[in-house]
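Each chain carries a letter (A, B, C and D) given by its place in the written order, and its residues are counted from 1.
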Amino acid sequence: MKSVKKLVSIVLIIGLVTMLGAGCSSGTTKKESSSTGGLQKVTLQLKWLPQSQFMGYYVAKEKGYYEAEGIDLEILPGGSDIIPEQQVSNGVADIGVTWLSSLMKYQSQGWDLIDTAQIFQKSGMLLVSKASTGIVTPADLRGKKVSSWFGGNEYEIYALLEANGLNKDKDLTMVQQDYTMNQLINNDVDAASAMTYNEYGLLLESGLKESDLNKIDMNDAGVAMMEDCLFVSKDWIADNEDLYVRFLRASIKGWADACADPTAAGKTVYNVDQSVSLDHQIYMANEVKKLVEPAGFDAAKIGYIDMNAVQQTADLSLKYGLLTQKADLSTATVNPKYWEEATK
Amino acid sequence: MKEKMLNIIWPLGFGIAILLLWQVGFLHMIFGLKPYQLPVPTAIAITLSNNLGKALTDCVVTISGALIGMAFGSLIGFMIAAIATFFPKWGYGGMIVVSAFNAIPLVALSSIMNLWFSTGMSQKIGVVTVVCMAAMSMNAYKGLNSLKPFSVDLMHTVAASEWTIFTKLRLPNCLPNVFTALKINIATAIMAAMISEYFASSTSGLGFAIKDSLRKGEMAMGWSYIVVASLAGVILYGIIILVERNAIKWHASQK
Amino acid sequence: MNSPEIQFKNVNMAYKGKSGEDIVALDNVSFDIQEGEFISLLGPSGCGKTTSLRIIGDLLQPTSGEVLVRGLSPREIRLQRKYGIVFQSPVLYDWRTVRRNICLPMEIMKFSKKERTARIDKMLELVGLQDFGQKYPYELSGGMQQRVGIARALALDPEILLMDEPFSALDEFTREKLNEDLLNIWSQTKKTVIFVTHNIPEAVFLSDRVVVLSPHPGRVSAIVDINLPRPRENSVRETSEFYDYIVKIRGSFEGV
Amino acid sequence: MSVERNDRIFVGIVWGIVIIGLWEVIAFLLQNVFQDPMAATKLPYLHVIIATFIQNAGALLGAGLVTFSRAAAGFLVGGIIGIILAVIMSLSKTVERIGLPYLIISQMIPILALAPIIFNIVKDMDSARIIIAAYITFFPVAINMLSGLKAVERDQKDLLYSVAASQVEIYYKLMFPFSMPYLFTGLKIAAPLAITASILVDMLGSSSGIGVKILYALYSNSSNIFWAAVLTSALMGISGYYLVVLGEKVLLPWNKTSSKKGGDNV
């Protein structure tokens, strides 16, 4: 009896140690790969989970565009507690994807980060409500319960409210949304934030029909702020200008391919990560395409920084309290020269 | 008396030394941090004093949720331990079930409670209640049952009922364990209350404020809330220790 | 007469009580102990007998006064590893078997493995626990545990054996049996033994001399030579001399 | 002994049946009596969750293994740090005075605030994750180990002192073995904590692990997967606990209290 117990414990200990070794070595093998094949290692920090929102990078990686430019790209997924600005500033990642308004907030507080390319040309943010609540125009939000993810994602809604004469503190209740759409489905809130390419799709997948839902589009309301952009830190770009231009060239190519065939792009992303259904990835790819290449947009100009849109984002940010002082829009904070170089 | 002074002076001195090193940038130097990544103490203090009103309101929200949840959780945990004491054969299973609750990750628990409760406060209380049950039931069970030899026999010689044995013997005997559990629970409760607020459908509370500030890169603001949370935690911990000292003077751990 | 092995000279011991008051444990205590002597420190609780023993063993430092062991300080003697000690409770290490408990001080003193095994075997036999060597302490009765504690001290063959009420927790039958055993062992080795007890017959039965201490503060109230013939057997307890000594010692308490 | 054992198994089975039954009844009530539109998310039928678990067993267990190995690494590092801290505090009263209040404060600082700083100091994400898991686990280990080291009886120390044992020998022969049961109490608290910590750490931008499964399932509204993942993590926490209990039984055969589980209450 005793010896059996001892045997069991020895086996367990060996098992634990090997698992430990596996845990550690998975960390070290990643390191080793950085020096293989003469490729330069670059890490990209996503703002959110691996999904079609970032399909351009996955497509470029799968098609070997980065390798062709001599780059070994590692894509780091985001998460609720991962903040791309901080990851890039810390040096955990070289390049980050974030929302322009959020980046501006960091820049205004002295973080040495530079906006270099604008992937999404339009805002993907919606306020969605069930048709039964009768919210059709922004003015209908008076007295309602509205949810946002906060953490910087609430300013487009603030702008929307103010532009329609509503006071965000007095005329309605704003609550936090937990990254699911359950609060809306459960009728705990009247209107919820949703991205066209993600949460809106989830609502449809949960059985609601388009006719059951009302949506307020930030672009229509004239309060759009720019979202997914690419940024780097001042220190890193100083040493890696050429590398970064090559990264941009490959990424733009990837985005162009992805927008040309969103279904294939959705499949590519699905192959990387199966947590979300293939249908949802393809739905998302199609919606993201509309933001990257809006109707009438020249596909060759993917990543183009429209300074007017940047200015509007900055102005709205200042007006509604995200920024406390006027944003500095010099080349120290917004610099299109790498993009220009890459698309030459 | 001298002992007591030392107990305060040493940690205080150490804390001040660290704060000074932090302020003059020594910590930033060794860890390679920039001031905007980790704000200096004076910046945190100034932010806090400018924002004291809101910080205290948030603190009240979080702490009251934590305390109510802790009270529920500890009570339930204790009752389970008591039931397991009266019905040892069947009751112990309840303890195992309760301890299994402890293995549910907080993030998942917060999301589940979000579904069950619609307000932030009730969700928070729900989360804290669940996480506080196990420590209390385990400790209380130990205290209710690890009696000195012959003490039960003594009760039996005077034909005491199980209930008398419980109130006269088991209850006082488990007090030290109950306090141990409370000390564990106070830290867990505040932590759990803050994490639940990361996901709660409300915009008040320290957890929400910390998350919101840190995501926006308002580091000094975020850290000022962390300071409030830490202070509240230490004060509550101190209160429990004080109550413990007076409630169980007879116990060896107090000498 | 040779110079005494242990000299206790004007020793005072005071410490602070819980509410800051001075408690005098020893008040100007002096006595000598000869080499090879079996001496008992006898008195009611609070008389400082255990304190005295601990001072000799360098487990406590006196407030004032001097203690010399073979002309050296207790610390030097301790560092020379001349002491063996038996406590009131068995003080066994729960995680060690009986054999390994006895072995422990010998490990510290770097005895060879062969030597250790031989001594453990001998000691187990001496205390009548031959069959219990591989048991853990919790599997033994209180009396057996205490015997392990004694075996552990004796195994070192210490030059000075300090015993702090070693039999006080045992029943009368076991106690008398162990008293006799202890004298047997001592007669073979003739080491100096300092034996703390509150039991008058036990002190009389075992000792060459009894140092009687009185409490609050601890003072020497009498030193009584016991001139009973050796070797002593339990039958000596029934003699009138034995009875006289008990009466005499008891009287020295009443005189206080 | 074997009768008692059978009895205990019987009790366990009854408990299991009661819990499963209760779960199914509540789920049934939610769905069919209260007609809650969110019933399938709030509390799906247990058999549905188990079916989902079996369907996705490979993915869930694979993710679980990643999380578990990270938890094991964090548990090990945190445990060692906890023990070292306890030893240092037991050696010096001053260090203990300084250390204890800050140990408590340290537990109040949320990971969200610490993570960026730790990432900044340790650039490697994998080691940073292990450090964070260790940061959460070390506390109960340190506190319990310290109380064990301080609970050593004076006589037990005096015995070694009387034969002039060195400080190292006193720790090695007495203090460490004595405080083992206390250490294991701490480890028993720390083991499920290490799992939940590791799950939290999964959410810091990891691409694998059960925490990632929970997060993705949550955000993509796949509530059955979500519940199956929660079930997996709860099972992992419980097995972590019982691994420590088993370790204690095997390593500390002399410790009566460790075998004093179950219904025997005298």
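Here is the rule we go by: a residue touches a chain if its C-beta (ideal position, glycine included) is under 8 Å from a C-beta of that chain, and two chains touch if they have at least 3 such contacts.
The structure presented is a predicted model; accordingly, all values stated were derived computationally and were not measured.
**Q** Looking at the contacts, which chains touch subunit A and subunit D alike?
**A** B
**Q** Could you tell me which pair, C-D or B-D, is linked by more C-beta pairs in contact?
**A** Top pair by contacting C-beta pairs is B-D.
**Q** Could you name the chain whose CA centroid falls nearest to the centroid of all protein CA atoms?
**A** So the chain sitting closest to the middle is D.
**Q** Comparing centres built from CA atoms, which chain ends up most distant from subunit A?
**A** Ranked by distance of C-alpha centres from subunit A, the top chain is C.
**Q** Let me have the rounded angstrom distance from the C-alpha centre of subunit B over to the C-alpha centre of subunit D, please.
**A** 17
**Q** Report, in whole Å, the distance between the mean C-alpha point of subunit C and the mean C-alpha point of subunit D.
**A** Measuring from centre to centre gives 48 Å for this pair.
**Q** Could you work out how far the Cα centre of subunit A sits from that of subunit C, in whole Å?
**A** 79
**Q** How far is the middle of subunit A from the middle of subunit B, if each middle is the mean of its Cα atoms, in Å?
**A** Distance between chain centres, rounded to whole Å: 36 Å.
**Q** Can you pull out the residues of subunit D that are in contact with at least two other chains?
**A** Counting only residues that touch two or more other chains, subunit D contributes 38, 41, 112, 116, 120, 203, 215, 218, 253.
**Q** Name the residues of subunit A that each touch 2 or more other chains.
**A** Each of 80, 83, 86, 90, 179-180, 182, 186 in subunit A touches at least two other chains.
**Q** Give the residues of subunit B touching no fewer than two other chains, as numbers and ranges.
**A** 37, 111, 115, 198, 211, 214
**Q** Treating touching as the only link between chains, describe the layout with one word: line, ring, star, complete or other.
**A** other
**Q** What chain-chain pairs meet the touch criterion?
**A** The set of touching chain pairs is A-B, A-D, B-D, C-D.
**Q** Once bound in the complex, which stretches of subunit D touch subunit B?
**A** Contact set of subunit D toward subunit B: 7, 11-12, 14-15, 19, 38, 41-42, 94, 97-98, 100-102, 104-105, 107-110, 112-113, 116-117, 120-121, 140, 189, 192, 195-196, 199-200, 203, 211, 214-215, 218, 226, 229-230, 233-238, 240-241, 262-266.
**Q** Using the touch definition up top, name the residues of subunit C that touch subunit D in the complex.
**A** Its residues touching subunit D are 54, 57-59, 78-81, 83-85, 87-89, 91, 93-96, 104-105, 107-109, 136-138, 156, 162.
**Q** For subunit D, which residues are in contact with subunit A within the complex?
**A** For subunit D paired with subunit A, touching residues are 37-38, 41, 59, 65-66, 68-70, 72-73, 76, 111-112, 115-116, 119-120, 123-127, 130, 203-207, 212-213, 215-222, 243, 246-247, 249-251, 253.
**Q** Could you please specify the touching residues of subunit D with respect to subunit C in the complex?
**A** It comes out as residues 153, 155-156, 158-165, 169, 173-174, 177-178, 180, 252-256.
**Q** Flag every residue of subunit B that touches subunit D in the complex, lowest number first.
**A** Against subunit D, subunit B makes touches at 6-7, 10-11, 14-15, 31-33, 37-38, 85, 88-90, 92-94, 96-97, 99-100, 102-108, 111-112, 115-116, 135, 145, 152, 184, 187, 190-191, 194-195, 198, 207, 210-211, 214, 222-223, 226, 229-230, 233-234, 237.
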